[in-house]
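Which chain is which? They are A, B and C, in the order written, and residues in each are numbered from 1.
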Amino acid sequence: MTRLVSLRMGLIMIALLALCTPAGALAGDLKLRLELAWGTDGNAPEGKNLKELDAKGREKLRHFRWKNYWVVKSTPVVLDAKAIQKVALDRCQVDFKTTADGHVEVKLHSINEAKEAKLVKTLRHSHEALKRGEFLIIAGDDKDKWNDAWFVIIRADP
Amino acid sequence: MPPSVKHDYPSAADETLVQWAQTGDTEAFEELVHRHRDKIYARALMMMRNEDQALEFSQEAWVKAWQRLVQFQGDSSFATWVTRIVINLCLDQLRRQKRVRTESIEAMDEESGGVERQLPAPEVNPTAGLEQDELRRRIDEALGKLTDAHRTVVVLHEFEGLEYKEIAKRVGISIGTVMSRLFYARRRLAFLLQSLKRERSE
Amino acid sequence: MKNNESLLDLQAYVDGELPEDRRREVEALLPADADARELVEGLRRLSGLLRTHEPAAVVPASREFYWSQIRRRIEAESVESPTAPATAAALGWLRWLIPALGVATVVVVVSMRSPSSELALAGGGGDVTLADVSSTVFRSESDGVTVHWIQ
């Protein structure tokens, strides 16, 4: 009897562990979507086939004054606890690193024509907050176009 | 937010007025508008060649200047800063307006290297003997005969003092195109000024 | 110097836009090329003429009327004046600040006068901006959004 109970307890524990840690999702793993969007009052440039930012994204940006937000690039990112993820966007690169204290460290680099990376911004955001669905946005004025702005949008990818 | 102290607006320097306006003082801003309205309007008129549009865009520029006032850091003069705003408004409009026919013909002239064949070298002193106001009027008339594309590069280079690279960025063309348009426009202006001088003296 | 490229080089020379080595080349060639010298002189004269005789224009409206049009548009487009954001109940004022985020005093005013404002300086949410270029951070708890605006 004792052996059966032990075996059952063992099986129950394994089952519980499986529930807590689904396959392929170790502690610290986080599925994100990284987007580079362009805020402008104008239309999307011809020939580039840019899609409009989705409704949820536009909702988060509603405090800003631009009429349109065009997605220049959108890419999924899976963070794990071990490695640094480096993701290339248009003329920039975003590095993600999960820290031991429950944060995600994000580094934004600009990439020049010679493909050299220059660190622009380093910041940390709560891993849990991102997982909950919060948006983390890095943005700035478009230096080439007077009235426009760029947005690097980081959010959980369902 | 009304100012707690009555300021002497007409006597205040632009920098002081800007500081007051940045705290919400609309009277200070109105004084700035009054001081520089002709210059901003003139620039819009030079680019658009249409009084209604110039009026519209100059007013729009002032509205935008108010909205962005906290961004003004004093890197340039206040008037220059507002001038850049009105120029951008005009550039946006010119992009929307397509005057294809005239521009195509002149573009072909430019690209085919017809510049040299068709236009004389600018006379060393094409406007000798003219009164200042008359000269300004003729220059204005000559500018009006350029296409939007050619006039734009002349305005940005000759009157705004922008470098080729900056013009290229603002207008959205290559530096090579800036250079060829500017050259063509200058040759054409010289030709027009000489022609106008001959007409007047006949 | 007759071809198009040479003509544009001469223009660039007049405008001070030639790289140093090419500028020296052009200068060395000018004494022997009368046509080139004539063109350079003509371009210089024309530029000088344009810059000293910029066409002027006067706004075809009285001071009061012109200003009233501007003021009406400012009032129509804003809830509050752009530099008095603290009294705004809604967050529409932010439209007039962003991207005017280079002015730290304005942001400080926001945080001091509107502590209950939803969109305020990031504080204890664990969001930290490290090193690098300066930026201003805004955060809305209810919206679940944090924005780092790069200067």
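Note that a residue touches a chain if its C-beta (ideal position, glycine included) is under 8 Å from a C-beta of that chain, and two chains touch if they have at least 3 such contacts.
What you are looking at is a predicted structure, and each value in this text was computed from that prediction instead of being measured.
Visitor: Which chain's mean C-alpha position is nearest the mean C-alpha position of the whole protein set?
Guide: Checking distances from each chain centre to the full centroid gives C.
Visitor: Farthest chain from chain C, going by mean C-alpha coordinates, please.
Guide: Farthest chain from chain C, going by C-alpha centroids: A.
Visitor: Between chain A and chain B, tell me the centre distance in angstrom, where each centre is the average of that chain's C-alpha atoms.
Guide: 44
Visitor: Approximately how many whole Å separate the CA-defined centres of chain B and chain C?
Guide: 15
Visitor: Give, as an integer number of Å, the spacing between the C-alpha centres of chain C and chain A.
Guide: Going by mean C-alpha positions, chain A sits 31 Å from chain C.
Visitor: Provide the list of chain A residues touching at least two other chains, using ranges where the numbers run on.
Guide: Answer for chain A, listing residues that touch two or more other chains: there are none.
Visitor: Touching at least two other chains at once: which residues of chain C meet that condition?
Guide: In chain C, residues 96, 99 touch at least two other chains, as defined above.
Visitor: Quick check on chain B: which residues sit in contact with 2+ other chains?
Guide: none
Visitor: Give every residue of chain C touching chain A within the complex, in rising order.
Guide: 91, 94-96, 98-99, 119, 125-133, 135, 140, 143-151
Visitor: Can you name the residues of chain B that touch chain C in the complex?
Guide: Residue list for chain B touching chain C: 1, 21-24, 26, 30, 33-34, 37-38, 41-42, 45-46, 51, 54-55, 58-60, 62-63, 66-71, 73, 113, 115-116, 121-127, 132, 135-137, 139-140, 143, 154, 157-159, 163-164, 179-180, 182-183, 186, 189-190.
Visitor: For chain A, which residues count as touching chain C in their complex?
Guide: Those in contact with chain C are residues 60, 63-65, 103, 119-126, 129, 132-141, 149.
Visitor: Report the residues of chain C in contact with chain B in the complex, numbered from low to high.
Guide: So the residues of chain C in touch with chain B come to 2-4, 7-8, 11-12, 15, 17, 35, 38-39, 41-43, 45-47, 49-51, 53-61, 63, 66-67, 69-71, 73-74, 77-78, 81-84, 96-97, 99-100, 102-103, 106.
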